[in-house]
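Chain naming follows the written order as A, B, C and D, and within any one chain the residues start at number 1.
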Amino acid sequence: MKNILATLFFAGISAFAALAMAAPAQFHIGVVTGTVSQSEDDLRGAEKLIAKYGDVAHDGMIKHITYPDNFMTEMETTISQIAALADDPKMKAVIVNQGIPGTTEGFRRIREKRPDILLFCGEAHEDPGVIQSAADLAINADNIARGYLIIAAAKKLGATDFVHISFPRHMSYELLSRRRNIMEAACNDLGLKFHFETAPDPTSDVGVAGAQQFILEKVPAWLEKYGKQTAFFCTNDAHTEPLLKRIAESNGFFIEADLPSPLMGYPGALGIELADVSGNFPAIMKRVEEAVIAKGGKGRMGTWAFSYGYTNSLALGEYAKTLIEKGVDAKTFRRKFKLEELFAAYNNATPGSTWNGGFYRDIQTNIEKKNHVLVYQDLYMFGLGYQKMTDVKVPDKYFTIK
Amino acid sequence: MNKSDGISQFFIRNAVPLVFLVVSAVAIPISQFSPSYLIQELLIRLSRNAFLVLSLLIPIMAGMGLNFGMVLGAMAGQIGLIFVCDWNIVGVQGLLLAAIISTPLAILFGFLCGIVLNKAQGREMVTSYILGFFMNGVYQLVVLYGFGSLVPIVSAKLLLSRGYGIRNVTNLDGMRRSLDELIPLNIAGIEIPVATFLLIGIFCLFVLWFRKTKLGQDMRATGQDMVVARSAGIRVMRTRIISIVISTVLACYGQIVFLQNVGTMNTYNSHEQAGVFAIAALLVGGATVSRASILNVFTGIILFHLVFIVSPMAGKYLLGDAQIGEYFRVFISYGIIALALVLHAWRRMNDKERARAQFRGAEGGAA
Amino acid sequence: MSIKRVCINLGLVLCLAGLIAWCVLTGKAYDIVLENTPTTVAGAEQPALEAVHVIIDKQEPVLMLEGDRIISTAIGVKHKIRIDVLDEDDKVLESRSHTYTIHDLGTPPTLNIPAVFAASKAEK
Amino acid sequence: METTPLLRVEGVGKAYYSNVVLKNITFSLEEGRILGVVGENGAGKSTLMNILFGMSVIEKTGGYTGSIFVNGEEVHFRRPKDALNAGIGMVHQEFSLIPGFTVTENILLNRESLNYTVAEEVFGSCLRTLNRPAMTTRAESAIKKLNVDLDGETLIAELPVGHKQFTEIAREIANSSTKILVLDEPTAVLTESEADILLASMRRLADAGIAIIFISHRLNEVLTICDDIVVLRDGEVVLNTPTAQTSVRGMAAAMVGRKVESIAPENNEDTRLIGETLLEVDHLWVDMPGETVRNVNLAIRQGEIFGIGGLAGQGKLGIANGIMGLAPAGGTVRFDGKPLALNQPSAPLAAGISAVSEDRRGVGLLLEESIAWNIIFSAMQNQGKFLKPLAGGLVRVRDEAAICACAQRYIADLEIKCVNELQIVQELSGGNQQKVCLAKAFETNPRLLFVAEPTRGIDVGAKKVVLDTLQRYNREFGMTIVMVSSELEELRSICDRIAITDRGRIAGILPASEPSENFGILMMGTAHEGAQTA
């Protein structure tokens, strides 16, 4: 006990976390993310963990590695990269963010060798049934609940119409098409008019530039057609930037992006320079908010305050650390796991913002998976602040809409 | 030939494996992996890849170069696995059934590939490479649109919920490692996939036996000099097609063995790199476009994958940043494949130069 | 074509057919829904169990808490299921076994753990 | 005739479309006898053998006329297999051996002894395994018949050339049905002692009842070993006689005795000025496939026309290609007293040496371009001719008027038959194409010009113009010319001295006025030993 107190004391007086690591960490946590070119936010989250708890190479706690850039074809490398973490006898938890193909098999290999290691997966890309079979905890963004919540937020802000912009390729993805249908149902229930608009696919012959030009030209026309109190939502990242630009300039609402983050669309649309604050989300938010208000988008544009990928890396790392310090390992995790604790970790990782969500439910068998959690963050409207959307209860009927 | 010339010749002949040996010798201590991890990982990769690499030997013997067309075999194997998954047959039985189903497919693919390659004599390698791309498109079309609509697939775990098309990742949980663990053996904490190695051993024996058959002899003759072989009455075109068919069928089994070890299948991507990696491993083992032995296969897999395993961690510890480690791995691994190809070209030139020098030494130099 | 050749080829075809049959018969696996939910067996209310390990044949034990529903896979038609009731520290309090065939379970094949537990008690 | 000859060829003729290469060939071959067939390159030997062996090229180009009888029965071979079945075995000039196989494997190629395996019941006989011991025995017995020292387990690649030849012959003997053996220049690649062994083996085979057709350029050998001799010239049998009734000189005269006076220009020795040595070649070797030069020493004087002759494959083409830097070469070459860099095509051009390639369609001409463009191309590229400065010398453009004038001059001069100077070269006949090649070389004003096979494949009229032109440029401009040709009479008609190549060396250099038999003897390698120092 004295030791712990002493350590805490040192940590308190020392501004640099590295000094607190003078004694080697008792256990290690492995973090696997993409590289800057693939998924920068995930990597920044891991770097935040290293800044807090130190790198294993310098007697710290975090062992950070990256998976291959072309992970779709180099699955073999992904697997052995993940499995290699079990080689460290002090390893107690492994977090893979994002769970690209090969994660499941990497986890199985760790499990065979070290059944005690906690295996967490942020944003699983593999099929739910696949990742559930190996991970102790898998996380995905809760697009089902968001289908209702985005409409609810639009209603709360006073929107009368809702425009959903997408194209056929995206509508063939199961979750995206389900979310669209939930949005339509929610609009009907809440008294908004739902409009489905098609925009060109940026991967088609028109390219990104053509698709963006289309949005730039059409948004004023849509506002003309559906009125000023129209909220917009698009499924494609490339469409987001021109959409934000037009909404900031004129009218309409932009509740949140498909993958909401202050870095999604805003820096490009409003020309914000962020290089000096990379990884520091409060500072990023401050700068983006100033820019949005300056452009006249106050109260009409929103986002998640913290990047989803960044939070996954950070919160899962923190959560794993708490569990290990409590003596929980993979064998006892199932008994000790509490959803509230997970959300507490997420909330702690994002000061000011809150998270909510629930267990994944298989639509065919209606079986709830207790190791697969869907999460979403509170909505932040620039100029208005948090909207407390995480406190809104999503009616059950929306979870069964196909 | 004097002694120093002999030694330098040894270095020139084995330049590629030696470079890999040096790179891994430097990288292993830096990577800080434990020996048991490295040995385990190497054993896994050896058991996983040996079959695929061995399937390249027979076309080389028949003078058709490196068969990038083995990707077709890999596709056939995957189609077999999709069916078996759909019927929910698990374990070794599932693997066996997948192999049986995919064999006729692989024979068909190999036959078509062989016919095309016969039309493109002298450019077999690049033709088979492009053929692989073409067939990849066909495969994706069939699996993404044909399966579940034209081809009956019932399992909801496989089908996209729109009713047709196979999901992105196919879980092979039921068959996972069923061959590797058929005969369990654990020495000092290292698991040895005995059954897989037995299968590989049988396959090596097959290759050795095959060389002794009339067909093998015909293939060797065709490979060395097609014109002479034809004038001796050997049916050259038929022999070449058979060599590609055998290679494709073996690649199909190789992919099944590979995927049972990996445990999950990227439905649309797993086969893509099968050819490139197998060929790279073979080249690293010191084989050439025209000559390859079983020894090349095993040294190649060990050296190539050793570098693949240790270079990311070595890069991380050397440069202190995880993502730079990844870039380092890509740089080392692919750079070294390019190096292998360059060294081969250089070696060929060197051989030619030497032949010329000998010729001069015997004649002009004497005067 | 000689008689010998016909015989050998025929034999091989038969072997292959046999092999396929063996693969299908012994390798076919079935997905079973396991539920640890309250149920009524013969009019008697069976509460869900707090925590159990479910072991089908010789597979790894699967932990099921109160209210859990999971999908499990088992090879073949006939199976032996063992249910270990656990205490707070995962110690086995009581262990019971039950044998069933897939065809007894209906579609989709479903096993209710409390019901099985109650039934096996009756067997003892 | 009392007995039926084993092989009888009667009135066989062959034309490749309009080009007659064989006319009314008649001869016969008895069991156990050796027939020598001699003739210059292009005399029709190869075509005759192709017919005898049923090579597909004959059938594809319209077959042959006349008839061939084996054992008195008329045969008509359409495929090599037919000939093999009839008992004719052929040993080709270029080895058809597989370098990575052992001697045994090559001898029994596609006729291996096989063991039964169960797998063949399913997949067919191709899965039988090789019976190595039986193969060794069979190969050994074939080698024994030849009475040579040949190890069956050696790889072909490691064998000296002579032994490769023996392997080829052993392969034909190992086929027990072989009754007639055709040997196409088997001694060309052998050393003297190896050749002796081969000749002895041939005699043994003949004594064992095999009839042999022996094609050779070595007249001495033919004289020693053969029972009968057939001499071909221009597709006709000019001599068919038992060996005893002829001599080396007699055969040589029959071979080269063609009269070409009709196209030869008068050789007036009036105002020629033969100067000092211009080009000195010392220990030159050239690695040109099929035309290897091993060790050549030459001195060519200013102002002369120097001929290089010799049979195909003996290296005469390699000399020009090596000096011009078109094939890997070594040794020393001095031009006008200064050393000339080898392996750099630009060096000889810069020094003032040009060449007209033997491969005019492949190397010499830009087939898709106009006559004018072809003629001035080299001069413009290498010497900057036909370019006029524009914008104060910043850029230089082609001087089209000068180009046309120049081309028109050559068209008139060399009697190039064409529409005008802008006609595409591809549309010209071979002879006119050759003239364009010459014009192109002349336009660079070379001090030394290599002309390789200038009259190959062109008609008599064009030949005369080409030869006349060469001679005229030599006389009028003092251009030193080295002419490489397989046509001895052509060389003799315009050259001052002629070197004959043999096995990559100069067999001898003689004045053009020597009788043609002497050249024939040099070509046939008969005078080989003594000629090296000449």
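Basically, a residue touches a chain if its C-beta (ideal position, glycine included) is under 8 Å from a C-beta of that chain, and two chains touch if they have at least 3 such contacts.
What you see is a predicted model; the values in this text were computed from it and never measured.
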Pair of chains joined by more contacts [C-beta pairs], C-D or B-C: B-C
Geometric centre distance via CA averages, subunit B-subunit A, whole Å: 39
Averaged-CA centre spacing for the pair subunit D and subunit C, given as whole angstrom: 83
Chain centre separation (subunit A, subunit D; CA means) in Å: 78
Subunit B residues counted as touching two or more neighbouring chains: 173
Chain pairs that touch, as defined at the top of this document: A-B, A-C, B-C, B-D, C-D
Residues on subunit C engaged by subunit D in the complex (per definition of touch): 4-5, 8-9, 12
Residues of subunit B defined as touching subunit D within the complex: 209, 212-215, 217-218, 220-221, 224-225, 227-229, 231-234, 356, 359-360, 363-364, 367
Subunit C-facing residues of subunit A, complex: 331-332, 334-335, 365, 367-368, 370
List of subunit A residues in touch with subunit B within their complex: 33, 35-36, 43, 46, 57, 64-69, 72-77, 79-81, 83-84, 87, 101-102, 104-105, 108, 125-127, 129-130, 133, 172, 174, 363-364, 402
Contact set on subunit B toward subunit C in their complex: 87-94, 96-97, 100, 173-174
